[in-house]
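When the chains are written out, they are named A, B, C and D in that same order, and each has its own residue count from 1.
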Amino acid sequence: MDFRFTEEQEMMANVLRELLGDLCQSSDLRRLMESGQARDERRWSGIVDMGLAGALVPESYGGLGLKPVDFVRIAEAAGHACLPEPLVENAGVALPLLAEAAPGNELLAAALEGAATIAVSHPSNAFIADADSAGALLLEREGELHLVNPAQARLERQESVDPFRRLFTVAFEPGSSTRIASAADAAPMLRAAFDRGALFAAAQLIGIAQRSVDLAVAYAGERRQFGKPIGSYQAVKHRLASAQVKIEFAKPVVHAAAASLPQSDLYSAARVSHAKLAAGQAADDAVRAAIQVHGAMGYSWEVDVHFYLKRAIALDSWWGTKAFHRARVGQRVFTGRLGPEHTFAKESQNA
Amino acid sequence: MDLHYTDEQEAFRQEVRTWMEANVPSAPLPSFDLSREGFEAHRAWERTLSEGQWGMVTWPKRYGGRGLDLIQWLIFEEEYYRAQAPLRVNQNGIFLLGPTLMEYGTDEQKARFLTAMACGDEIWAQAWSEPQAGSDLAAVSSSATRDGDDYLLKGHKIWSSRAVYADWAFGLFRTDPQSERHKGLSLIFFPLDAPGVRVQPIPQIDGETGFAEIFLEDVRVPAFNRLGGEGEGWSICMATAGFERGLMLRSPARFQVAARKLVDLYKAHENEVEPCVQAAVLQSWMDAEAYALSVYATASRLEAGERIGAEASTNKIFWSEMDIAMHRSALSILGARAELLHSAPAAGDVGRWLDGYFFSLAGPIYAGSNEIQRNIIAERMLSLPRA
Amino acid sequence: MDFRFTEEQEMMANVLRELLGDLCQSSDLRRLMESGQARDERRWSGIVDMGLAGALVPESYGGLGLKPVDFVRIAEAAGHACLPEPLVENAGVALPLLAEAAPGNELLAAALEGAATIAVSHPSNAFIADADSAGALLLEREGELHLVNPAQARLERQESVDPFRRLFTVAFEPGSSTRIASAADAAPMLRAAFDRGALFAAAQLIGIAQRSVDLAVAYAGERRQFGKPIGSYQAVKHRLASAQVKIEFAKPVVHAAAASLPQSDLYSAARVSHAKLAAGQAADDAVRAAIQVHGAMGYSWEVDVHFYLKRAIALDSWWGTKAFHRARVGQRVFTGRLGPEHTFAKESQNA
Amino acid sequence: MDLHYTDEQEAFRQEVRTWMEANVPSAPLPSFDLSREGFEAHRAWERTLSEGQWGMVTWPKRYGGRGLDLIQWLIFEEEYYRAQAPLRVNQNGIFLLGPTLMEYGTDEQKARFLTAMACGDEIWAQAWSEPQAGSDLAAVSSSATRDGDDYLLKGHKIWSSRAVYADWAFGLFRTDPQSERHKGLSLIFFPLDAPGVRVQPIPQIDGETGFAEIFLEDVRVPAFNRLGGEGEGWSICMATAGFERGLMLRSPARFQVAARKLVDLYKAHENEVEPCVQAAVLQSWMDAEAYALSVYATASRLEAGERIGAEASTNKIFWSEMDIAMHRSALSILGARAELLHSAPAAGDVGRWLDGYFFSLAGPIYAGSNEIQRNIIAERMLSLPRA
């Protein structure tokens, strides 16, 4: 029992944070948004050069062979920077799914090199993200898994409030040439993909929450009203402290969910759901606190807070609505065993 | 206590309803904050209202009103929102400045400004805040220097609603350069097309531009444009803020109509949402009703000669927090579609809930932040000691 | 349309407030509690001398013939003083019910004189209050209404956390000698009694809420920490301001519910339910704020706040649980007509 | 990150479980705050624990402990609460003073006090607050005047938990009469039966008497009873407060067991309650789990040599607010029976939820009010400017 990240895990997240600190500043985000392009190539190749595209792909297939717990802080960093590129969806969900379903597919190699990204649809999501810039689409249809060339699919853009999210609905002709896994084979893969999706969405929400508090703290230390920095008023202090408390008690849930994900039973699935709910709540509190602390500035386009507000809204129902996740926690609570001795238990231990 | 409308009030309601049904544009007007075209369409609506003598029913007839009481005003507002009539582009004028002018203006000022305001010929922006004077309004530093019969205005205003397209603005200026805080301020009007005025739109969170910065560089206005005495700006401004937060800024009908729409949205998606959402929807309806009842109670007291007190602050807190809660409930019903812009093909009935949510988040900030309102309630209503 | 109380209404409530200000102080409450007695005879006769026992009984039967809207501020004053005696239940609920069911009964005359109180049971309440000190019990059984001599009923004391609430379960033998209304006759009377009960409970909760804020404000102005009165700190100010806002927006609902009660349709019933919910929420917020502001003192027996905390808990489910009242609001919202033009409407107008 | 117990840890859990099953009294003990009898029954339980070497498993063996790490302590606590073993009457000693003594005491002091503390021979009360020094602890005015090898203690302490029946108390005293605020304070122990000590129970909201006032009139204690140097009381006390709010005051198992009971209560009444209650029950379970996970993370860091920081304050806020929410959910399930004392014939399964609710309301007040904790988080963790 050791509830700490390893030095390697911390280091990899730090390297990414530093990279994004350089290449994903407010001005970078705004430039990308104005260009209308899907990604910043310099930033994206920096991420690919770290080997992160294949982070969760087994080493035998050319990836880094990392585990969810190794990737969770990376997803946090992506949230913290409001990263526009599909690092989390591509590396955290799609590539490991492709590697599992079709390890020999040549697209996997291309994706590991960063030459292409894979976009993934899932029954739990109403839309598919970043499909227009993807090299291939991983699509579920009647339980089967298909790998589809975007040119052979009809994509319809569904504009999200998040200026960096490129959502689409997709129509395509499923056939034996596109099918890469039968419904029976695909089911466990899709389940695992869903839990990775929800977990890393939760991790991004932690990053969003912390960045929102960070922005508010910085502003509250500078902005003066009635002769004092507004951060010296209890109303501001207490609201930000409360937001930070929410973050502090969402983080260990997200981290525990990452560590127990490979367990893939009801207990670990419920932990993922708990993580998504707790991180979503933390992000919601934090972005609203940040807007209030910024006053009218928080309602302006000029300040970055609204990027985080919008991303938090978008991720709130992405990879499972609150209703879905609360129901899954309910299933665990009402059918599983409760009490302090079961905090880290597996479902099978209690069967 | 008599909670029944008189026959006269019922007849008045019918009269408003009939007129609204005949005159409210069938299609929504384009936003008055996004284009000159939308702004002018709303100005045209103000003129239509004014022609029907509906510009501001509580005003005296000589200024284009009907001299009606606050209960009738509430009835008018109810029918106005029921008819889904356009937002009032001249809100700053008719709800904020107008009542203040009525109280503090000279006869000449009333004649000059009120009629033009009521008929939509002159649309007003407010110019309260400055970069260093937001919640702390007494920190304004824009100056008005007397020069013969004129003032020369200089300074930088911000968060001025409607200023992008409006005709006139009113704001606080320091007429005594030696003064500090709330002393030595005067309330002065200036035309937004005067030489030396530069208006810079502020893009807001949803990309719209309802606010603007105003840069003033030796803008010459006659001293006639000063409301009240020199140095009396603060107390007049506080009276205006009382109106703004108090009764007229957010009429209850707005929230009752929103609550009805929320109930409709809930009914359409009842089977998809968590059971808890129902309680939230009912709470929104109850809150909108409570707000309406409270405003009727206040209006009754005001009609009986009492003055508005800390209700101004309690109202501001209540409606702004209710507005956020209502929109959050709507977004939770919309689920995965909540993030879609209403222009997205799959948006379905997402409507304007997301825009409304963003606007609601500004509610606890503008018109005196809710932190300031809570200070006011604590200190003036509860008599807790000042810090 | 005039949403104000008349001078007479204000005056009667003021007289009661003054009486209770004299005779229902903290020391009076504590003395009564230690004595174990049901009521303070001096205080009770002061109340009876005001004619309040018969407040809602028609003048033709010897009462004051007041309406609910005349009594609502009296109930507020009873809550504000944490009045131990059954003024509200006796005068607000039981006597008008008895007058309606059995106007000629000799007990009514005795009750109007204050020689006896009437305790009332209702299917919505699990217990009957003040039955041991009552001259008669008004009991519902299978829809019928019975008037029972306490000596002929078996009362079992059910101790409430509120030291001034005397709750009982009751068993008795219903018969033609006890029956005063058939089920058909009793139904509308019991419905009306329930709405009066819920309304006046709401009014008491308003009084409890306001008194809690008053106590906290007084303490916060005196108690000093870190060299300043604690009431000068924003955390204290804002919490009490928020509690006061809740009160301000519960009051008009309670008052409107009182005014529209005689309408006795779904719309007026839903307004009563709204009033109960809003006043309960206001009281809950206010008592908890008062405890927090009092610090450790708020947790002590010495300070009066706990009397209000306990009364608020007791009234929370008295005359209908939150679940019941929310369901009734739901019925009005989902079957009735909504929108600003219906604020003061009757159900029949919209049929 | 490894979230599996080692075989050794699993074996340890089994060992605790076996011992608890054999030794925990089958009937609950009478309250230690209501009678001498209840107090002594709890002292006897402390002795039983101590005989099993379970008094304080993290303490060195020479003081009656087992020298185990914090993860093992958490496992011990989990089994302790799982077994519904009695509350620890000596909590002030073993969880607050003990660790501080271990860090700041001389060998002689440790030998004198720790063993007697661990075995239940000496039960401790805390004596922090004074009438004018609650949240503002630096305002203490009780004095300790040096007189040869002794101190003479004088003053008035309040809200001293356990002081009615305990043997010893520790508190802050002003050893430098010229000093102000947090300077010139020393941490001193005194026997509660010493001449000049008068203890006055304080009836609390539920009628129990867990707190007391202590009046000290020239109470003579040897200077040996001072922990740390003269004038170092404040910094030592802050370390103690860190422990109190931080890790040991409220072990997660307590809330996880409460959450389990809440789930059971909900299941028993599922068909009677509003659907929203389910979400609240699930939230309580999630919060208790989150608190447990967080404490495991903190314990892991502490075992790796880090020191406890602002977690102390975030923990305090989180568990105290969770505790209130949990009890409110229970009361809402109980509905009309929520107001009944558990002695009432119709009480049914109301259990101790109402008592627990009252106690939970004190959570945001004691051990440093939550307002103070939020200040600490804002200023020390977020580096916001001081007022």
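Structural remarks
Going forward, a residue touches a chain if its C-beta (ideal position, glycine included) is under 8 Å from a C-beta of that chain, and two chains touch if they have at least 3 such contacts.
The model shown is predicted, which means the values in this text are computed figures rather than measured ones.
Among the other chains, A has the CA centre that is most remote from the centre of chain C. The greater number of contacting C-beta pairs, out of the two interfaces C-D and A-D, is seen for A-D. If you average the Cα atoms of chain B and of chain C, the two centres end up 39 Å apart. Touching of two or more other chains is recorded for residues 274, 278-279, 371, 374 of chain B. Under the contact definition stated at the top, the residues of chain C that touch 2 or more other chains are 233-236, 238, 326. Chain D meets chain C in the complex at residues 129, 132, 134-136, 139, 158-159, 202-205, 207, 211, 273-274, 331-332, 335-341, 343-347, 354, 358, 361-362, 364-366, 369, 371, 374. On chain D, the positions that touch chain B within their shared complex are 274-276, 278-279. Contact residues on chain C toward chain D in their complex (touch as defined above): 125-127, 156-162, 165, 167, 169, 224-226, 233, 235-236, 288, 291-292, 295-296, 298-302, 306, 309-310, 313-314, 316-318, 321-323, 326. Residues 233-235, 238 of chain C are the ones touching chain A in the complex.
Interface of chain D with chain A (complex): residues 1-6, 9, 13, 71, 77-79, 81-82, 252-253, 256-257, 259-260, 263, 267, 278-279, 281-282, 285-287, 289-294, 296-297, 299-301, 303-304, 311, 314, 317-318, 371, 373-375, 377-379, 381-387.
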